[in-house]
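Have a look at this one before I ask anything.
By written order: A, B, C and D. Residues from 1 in each chain.
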């Protein structure tokens, strides 16, 4: 077991190639949002935009395309029924799925399709995690997958009580990552990041950040770093550290921190770690 | 009669449990907004989001769901006709109702339903106060209710002239709180907070804040603190102090203060009180 | 001829009564916007909100009510065909009309109605000025009217070339104000403010502010101060000074200044004048 | 070959005439946006608004007029099928076309029409460049045209591989500008600006800016300066320098820079160059 240190993260943050153009910093594809949840799609997409990605595309429910067009400016938005989705999946450097999609058959189908048809890093979050209940086997051996449950969601899919998970989170996380080969981010107090070979504990962040939408931003950050070339483990370590650290900085003079505030500070937070001694 | 002191409020602001997750900081349910008034719903909902709540849900008129989706990112929004409303009411740690709903039969029905069916703290504001005209008896003995009228609204429901209320506000507020058992926040210059056992005067805030939407923000703050576990009286004292103090800080270099500006500064304002000597 | 001095404006800015509530700081009613122009309606309405008004209502084309609901939070918005318009006009402490309405028969009808039926200060701006072409007589003796043309608009209604107006602006402005009894704000380099008894030149502001929407903000500010109890002349003097001074402060480190930036700084700008020596 | 120096740009930034009004600082007309891409239209239009233009009009797909009305406040917006388009083209001091329009026949028609019917500076960007594939001849001798391809787009229209362009960008850019007589901005690391007589290399900016929407902002800036009276070459030199310099300032304490952040800082960035020694 290791702590995620600033030194470690500093060494992982990609050096932006001087002559790079937007095609060099990752094409991120995000599946998020539904008629009920548009904020989650915004927070996740903008999380990727703000973390250094070259091109971010949100594929979403056609009923909310207009709302997302109003909310977003840098990202592209398209109806997730459109013909181009397949080629976008093929070209993507990373894919995130889940925020605000709803736990339903469509979400499960999309998750299955991605797992079966894409080899780039794929982040499964929120409803894209909970739809795995009873279907965990499709994860087996998929080393390109990152799962980001909080304890409640994790409890649902592994059918172990939250209390037991909290008491034994390191062992349980390690076992899960070993069994399935995926990278697991078990969110909560001292977030655990595990893949089949290693396990890390995050120490940034605090309960000031415990509020709706915060996880959606994290998913966007992971997708961004994975799209910039980090491995699933590297992207996970970097992102949970940065996300928590953004909250720590903001929390220095605030009682609590909301997701939008973390978004706004991502560029500066990454820079602070990148330039730290 | 007591002043609400900073020391008092500092002692009431909840210490955020280090390992708390968003479920630990309150599920707030807000009924607000109508085709005519969408800003009120925004200001109230975001007031709760910004004051440390874990999860905030806005239940609103189905005709403005899209507009509210555009305005809000952290909160969940749903049509107040949807089936889930009942279970959301059951699960809520606090409920606010009124801002921008209109003084009409639907508002009265919703208020009656909540009073009859929920035992968590319920904040009645704006139209949820004025619909009580002639129906005050439904408040009797409801110690979980907080009423937040300004003098004009209070005049309407107790059928006493504004002039008389202003001259005798402490006595009238005390009597009302004793008679009905609710917590009363009588807003205005030197806002009075009374429950059946005690009465406090607030000294933060100023007429720089006397503008549309300011009360909606206050309602969101109260809902947030009540949802974080404070009693109706404690949440009321904390919120009127913080709300006014946010205005005081902003008013140091501004001729006037608008509701959106108070919103933006809530996290920092609470922190300042929380860390004060 | 007088310069509008900071000392003068400082003396005019209303002292906000300590125990005032939102009803004491003016009910402002704004007629603005059309399918083509929604930004003008936003900038004018928010100009009033940000200058200390208690309650601001925008009455606008029913086709853009939803768009305006999305843009605004503190102001109330209603369809200008609704039944309440008449009573809102009666209760208004000041009325502004014109920004983004279009030069058409409806605008003229609305202007005529207001001039004939309201005795509170009425600000005519933009299309509410140009529709007066050929109809100037309806202004006669209306001391509650403020007209805010720029030179191009003024040229149209008085049928004098822009060149001649620019060369003789003081004389022409004075004559117009004397003839009609209204307060005239002739906008441009060294804006002139004249009523039938006096004439002032403004020296704040610069061509950094010469851009679309800037006049709409000014109209909102005038409506706000008039609604707070200043006379047409006083509101005009105060507002042109504050508006220009906001631009001067912003222009200290910016090549140019846009309308939204002036909006954001109104509260602080008024405070700076109010507290100046 | 020359570097674009700060001294050069400082000398080109227009001195704003003290008594200028909004009509004196350029009428900019922008054709941008489509159902799929609304952010591009926003970023380009606001880029012009923020760079000192007097009046900016966005002509866009009628299906997104409402969305653009929500996003923008200072600019005017109209349906690009409306009758007034022709007179707006005639009155325009500069025109930009392309961001978010889609590579389709309508875009080509619009580009052709503008090239054939307008003599003011015209900036062709994004899809307005790629539609020229196979049609480059319509550019011949059009000294009022500015083309702003990145290497990928340039490769498409001149049918030379990106690798060869990158290795020989100065020679290829010079030859293109000489052959067609247009001003070429070949975007990328060390952006090249060439017209038939001269060639410049830009040294501001960095790969921190390599992200979606950044080029749309640049197009708006160029349109703004061209509309303020700079020649195509002058407007190009000034704009690429300012755009990159805004990114440099923002990048001082941020890992990356997004398009919206550049927008926000344009006025201050121009001022910093304008006032530099």
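The working rule: a contact is a pair of C-beta atoms (placed from the backbone, for glycine too) under 8 Å apart; a residue touches a chain by one contact, two chains touch by 3 or more.
The UniProt protein names, listed by chain, are A, B, C, D = ADP-dependent (S)-NAD(P)H-hydrate dehydratase.
The structure presented is a predicted model; accordingly, all values stated were derived computationally and were not measured.
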Shortest walk length in steps over touching chains, chain A through to chain C
2
Far-end chain from chain A, centres as C-alpha averages
C
Take the average of all CA coordinates in chain B, do the same for chain D, and state the distance between these two points in whole angstrom.
49
Centroid spacing, where centroids are CA-atom means, of chain A and chain B in whole angstrom
35
For chain D, which residues are shared contacts with two or more other chains?
70
Got a list of which chains touch which?
A-B, A-D, B-C, C-D
Interfacial residue positions of chain D with respect to chain A in the complex
36-39, 42-43, 64, 67, 70-71, 150-152, 188-190, 206-208, 210-214, 253-261
Hey, which residues of chain B end up touching chain A in the complex?
13, 16-25, 49-56, 66, 69-70, 72-78, 267-268, 270-272, 274
